[in-house]
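Two complexes, one shared chain (subunit A), two partners (subunit B, subunit C).
Let's turn to the complex of A and B:
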């Protein structure tokens, strides 16, 4: 793997260079509209001289919407009577421009790999993935709500990143992880990183931020029926208000629904975020709802992340970013849910 | 000396234990401690031993009345949907309530969601609850690891700092403009009653918006709601939103689009607010729970002001009073009538 040395000034210049050919995005730290012309909520387009600022911990909005936009237009059509295209479904023209997301944390980078498992054969997710490059920054500082290591990630992880920046005494070293990363680095005249800096990062990786999901891994061997029937769900379901806050801010919640919207004869088929916390999510056409009770929906979110998903795909469907821990209105803390599950006999 | 809230917590635990032990109630709705600083967990306690988990502090920001109908249902003997109501009185539930929460319970009683004789209100005079967001804003990104609460100060601690701030400065906006902090319904008094607050203008925040031009108000509305992710925490946390199927969840017919179109988001918020007209007690829960910090409470507060000005009613002050929007009087203002002078023109 190639590793280069980059100063903060050079980083700014790199972003400027990229923004001449690609669409470059950086996180917004303050309040910002959820939908602006071509931007995912919580991110801004970089095409001026604005330097990158990052806060400790995950970015306020996850990278999910670059891959799984809210909403994504799948098809368009017209209902106009004399239109030659009437009744035909067309795929909308998609921008082929590469989008470069700068400021991604290791947890979010990993979330894309996890979501990729169920979306392996999803053409829309794959197309977005193909045109998106992730430029990440490892975490020299963590928040008390960060638990990426416990979920099998690491504050210093570079998994899923095309370029991974890590702080050094006088700037950064950047690891080029993928072919897309190579493309971003092409033509830039940067010095290779020094051996000492590379080994310093390696030692930080092996000490402070080592991935260690061994404790939680025992859940994979637990019998589902026991976890499902555990008494813990009763009180959890009682206090949960079944909002969609945790699912919508979560980088690894990926459920959607599809609808047609028609405005003045012009239709579009969209796919938009759905949440297993909503009653409509599981409502059958017959009127029957297999998850008609609040407690069933609360249980589904956690068992999906910690049991159904790992049983099917291997890893847990949570990267430990702690966003839901911080923002759940009733303080349902997934770390407590995990330890309760581990304690189920 | 214990702080006021420590004394209140102690009394809540003692009263809850007593009510459960002597069988007066089958459950108590209160708060337990949270896993992060400045958070609490709503808690339903069903055994005297669990009463030790109950706490009270300045971060109890969720209106507990939200949990009352479901908790009452949960203590009833199980029966099928068509089975008759069992003979004799049904078990009771106790609930901690401040001024605004007790008024929400009154609204629930008026709207037949809750039977008065099945509720034991543990009335707590509110000293105003603190907004976690306001505190965090003061510390601009520095992580807060612990908060110690005094009667008038908060000690905020992080990895490399410890600062004392004035409590009232970070009390939520709705609490700062509240005029009825003491519960209107009290079965068991907890702590000392607090007096009505003389607030020169409880609608000061709404007035500031109303003074803007039409374009200015529109700009405020578009900007304020632009970050909404339609998670519906504001709706689900509100004790007034108890419809089995909300209009936004209806699929046949579908009233509102599902994605982040500004028109759909705006429609959801306007309709939600109107559904709360004459019922909202400005408890501030909706605003508090929003993960995006959106001030949707201004819409309901504006309607509270209109209902007060038009009909002279504040929601939830008396259980036996009629609801302002389901009753009428011959002298109700009716500016919308075509034959009245100034009709159709607001403010004329």
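Let's turn to the complex of A and C:
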């Protein structure tokens, strides 16, 4: 793998260069208006000027919206009377414009790889993945809500990143992880990183937070019925207000609803983020609801992440970014849920 | 790659099946020959019926793959999309996306076996598709028993075909209604009772049961009494669905996705799942 030295000034210059040919995005740290023209909420378009600033811990908004935009138009059609194509569905052209997301944390980079498992055969997700480059920054500091190592990641991880920047004493070293990363580095005149800097990063990787990933792995072997019937769900379900906040801010919650919308005879079929916290999610037309009680919905979200997803795909559907821990209005903490599950007899 | 694009189809015929007018069978023909050729399904699979401006709904395919050139869907008027569909006319355009799901193992575990089909109410649709498929390869199966019950004679679907099947020597047909009704000289009684009386021995047999949960629940004990096991019994589950392709997560029953892993499961498989269906 190629590793280069980059100063903060050079990093700014690189972003300016990229923004001449690509759409470049950086995280917004302050409160932004809810509407955004072409960016994902929580991200701003970089087009000259402002330097990159990052907060400690995960970016306020996850990278989910670059791969799984909300909403996403699946099909369009006309309902104009007497139009020969009335009711005929058309696939909208998929954007091929390269987007470069700068400031991604290792947890979010892993989330894209995890979401790619269920979305392996989804043409929209794959097209977005094709055209998106992730430029990440490893975490020399973490928050008290961070637990990526417990989920099999690392604050110094480069998995899923096209370019991975890590701090050194006088700037950064950048690892070029993929062909997309090579494209971004093409034509830049940068010095190779020094051996000492590369080995310093390697040693931080090997010592920095190798937590209890193996302990959590025992959940994968636990019998479903035991976890499902555990008494812990009752009290957790009582606290949870089913607001769905955790599901929307979660980088690895990926479920969606599909709806038709028609404005003045022009229709589109869109998909948008849904949440298994809502009763409508599972409601049958007959009125029967398989998860009609809120405890059932709370349990579904956690077991999906910690049991159902691993049963199907292998890894847990959680990267330990801790956003849900930070933002849950009733202070539910997935780390406590995990240790309660590990303690289930 | 999966596709969210339905095949464009035209409504070629509409049959009102039941006396309450709530069940209609839609005969759909593909607008494009290439789509007709690309379509291959097995009985027990479903498809998304797509109405521009309304949405999509998962409906079991009522026609057999042996009925070439068209598809049949019997639809109960219940919600937004089905109500809009019931208002549509012959010649109108709509869409079909699929086929989706696994279907009954007509070419696998069912081969060479005695087949017992037990249907209640309008859950008979995919079982109609199955019976017609079995009859097209009649020599590949043993005895075929078809038990079908509805509330009243006027609530039975496919009444013309039931009459034809009744004439055949190679189907053991039992059609029943819940209570005595004027003009009805057939069986009277609930499906579980009839099943207990007419079901053959469990040896070398497979049962397919579709109906209201309460019917399935009460049909099992009489079968178990004569030696049937859960591995021999196939059920079809339903859940709210959006994508039908195993991505959107809506239809999950614990770790299982009804759209992708089902909708057909053995009763043993269903018993392993949390009751979230």
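The working rule: the second predicted complex is superposed on the first by the 335 of 345 C-alpha atoms of A that agree within 3 Å, B and C clash if a C-alpha of one lies under 4 Å from a C-alpha of the other, contacts with A are read in each partner's own complex, and residues count from 1 in each chain.
Keep this in mind: contacts are C-beta pairs under 8 Å (C-beta built on N, C-alpha and C of every residue); 3 or more make two chains touch, one makes a residue touch a chain.
All values derive from a computational prediction rather than experimental measurement.
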{"item": "Combined model on subunit A where subunit B meets subunit C, clash or fit", "value": "fit"}
{"item": "Partner chain in contact with A:226 - subunit B first, subunit C second, else both or neither", "value": "neither"}
{"item": "First, second, both or neither for A:83, with subunit B first and subunit C second", "value": "neither"}
{"item": "Touched partner set for A:2, first subunit B, second subunit C, both or neither", "value": "neither"}
{"item": "Partner chain in contact with A:326 - subunit B first, subunit C second, else both or neither", "value": "first"}
{"item": "Vertex subunit A; arms to subunit B and subunit C (CA centroids, nearest 10 degrees)", "value": "90"}
{"item": "Touching partner for A:94 - first (subunit B), second (subunit C), both, neither", "value": "neither"}
{"item": "Contacts of A:257 with subunit B and subunit C, given as first, second, both or neither", "value": "both"}
{"item": "Shortest CA-CA distance between subunit B and subunit C [superposed frame, angstrom]", "value": "6"}
{"item": "Subunit B and subunit C contact sites that coincide on subunit A, given as residue numbers", "value": "257, 259, 283"}
{"item": "Residues of subunit A defined as touching subunit C within the complex", "value": "74-75, 77, 79, 86-89, 91, 118-119, 121-123, 126, 224, 228, 254-260, 262, 267, 269, 271, 274, 276, 281-286, 290-291, 296, 300, 303-304, 307-308, 311-312"}
{"item": "Touching residues on subunit B, where the partner in the complex is subunit A", "value": "34-36, 39-44, 62, 66-67, 70-71, 74, 141, 143, 145, 223, 226-233, 235-237, 245, 249, 251, 254, 257-262, 288-289, 291-293"}
{"item": "Sites on subunit C touched by subunit A in the complex", "value": "1-6, 8, 50-56, 78-79, 82, 92-95, 238-240, 242-243, 245-250, 252-255, 272, 274-277"}
{"item": "Contact footprint of subunit B on subunit A as seen in their complex", "value": "29, 31-35, 41, 55-57, 70-71, 143-145, 235, 238-239, 241-245, 247-249, 257, 259, 261, 270, 272, 275, 278-280, 283, 294, 325-327, 329-333, 335-336"}
